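Each chain carries a letter (A, B and C) given by its place in the written order, and its residues are counted from 1.
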């Protein structure tokens, strides 16, 4: 079985941000030369998510508001995890909603594209 | 590596519905002739989910109520995404809870079956 | 394609528990002799989850509290699913938040490790 692995490094100055890596994944797939199979795209950090959805600014704000409502950042003391000295207890919860990974089928050298609507 | 891909088209007149595609996936697997490996089943639409759980009417109603509670459909103005002219902002959020895809191990030509309980 | 499958059986006396199976998965991978590919780790029970996150006691308590807040166990009558005679309607919902499976890339015989932070 042919396999190809690449690490993408993203620096995010904000506490939360939405970054479209579709083009980077497509570039990676092209580099791999793989025509049929699956591409796994996962976060290597446990407070980050990889997911597939609409790259629309309003939706990103909706996600942000919603996640903050489901698992508020403050007060920090709300989470036992923060007793370790960290302040990102909320992010560990938010990550479970948004997911860690996506697996996408590759056919004829291209990943399946969603219908954006 | 052997691979096989099939698109299933489902018409859902209601705003939300639960459709059991287990048999269709098993048929697809049989058509493929694949005996060992993995089957990826994912939604090609960003407001739909593929997930594995009990095909029980009461549970489906529970999911429906719960998702509506976590991310209400109305008022439409609740979601910035709906400023684009769409009215499905809630569905983009609900989809994150229910997930986009499942990957199932295939052994001896059959997908792993869950214990239904 | 080389494949290897193993079932892990876990007995959990409590209603909910967090069990670290990382070492078991690494052992399984070593047994398989597979050097490059993917490992799928999924729950075979529809009220259990497999996920990757920090093995930190405070965080586990945070998850437990949060899941109970999002989908309370009691009153049992809260869920239509419990009309079947079961009392685990809440667990079917909680499982959707925490996810069913993870897929991890394997390189040079080792699974990708997350940065724990």
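Everything that follows uses one rule, which is that a contact is a pair of C-beta atoms (placed from the backbone, for glycine too) under 8 Å apart; a residue touches a chain by one contact, two chains touch by 3 or more.
From a predicted model like this one, the values you see are computed outputs, not experimental measurements.
J.: Report same or different for the chain A and chain B interface, where same means the shared residue numbers exceed half of all residue numbers found there.
T.: different
J.: Just send me the rotation angle from a CA overlay of chain A on chain C, rounded to the nearest 5 degrees.
T.: With C-alpha atoms aligned, the rotation comes to 120 degrees.
J.: Just give me the whole-number Å value for how far the CA centre of chain A lies from that of chain B.
T.: 19
J.: Hey, what residues on chain B touch two or more of the other chains?
T.: Touching at least two other chains: 1, 38, 70, 97, 99, 103.
J.: For the complex, give me every residue of chain A touching chain C.
T.: Residues in contact with chain C: 1, 3, 5, 38, 40, 42-47, 70-71, 79-84, 86, 88-89, 92-93, 95-97, 99-101, 103.
J.: Can you tell me which positions in chain B touch chain C when the two form their complex?
T.: Interface residues on chain B, with respect to chain C: 1-2, 36-38, 51-54, 56-59, 61-63, 66, 70, 97-99, 102-105, 107, 112, 114-117.
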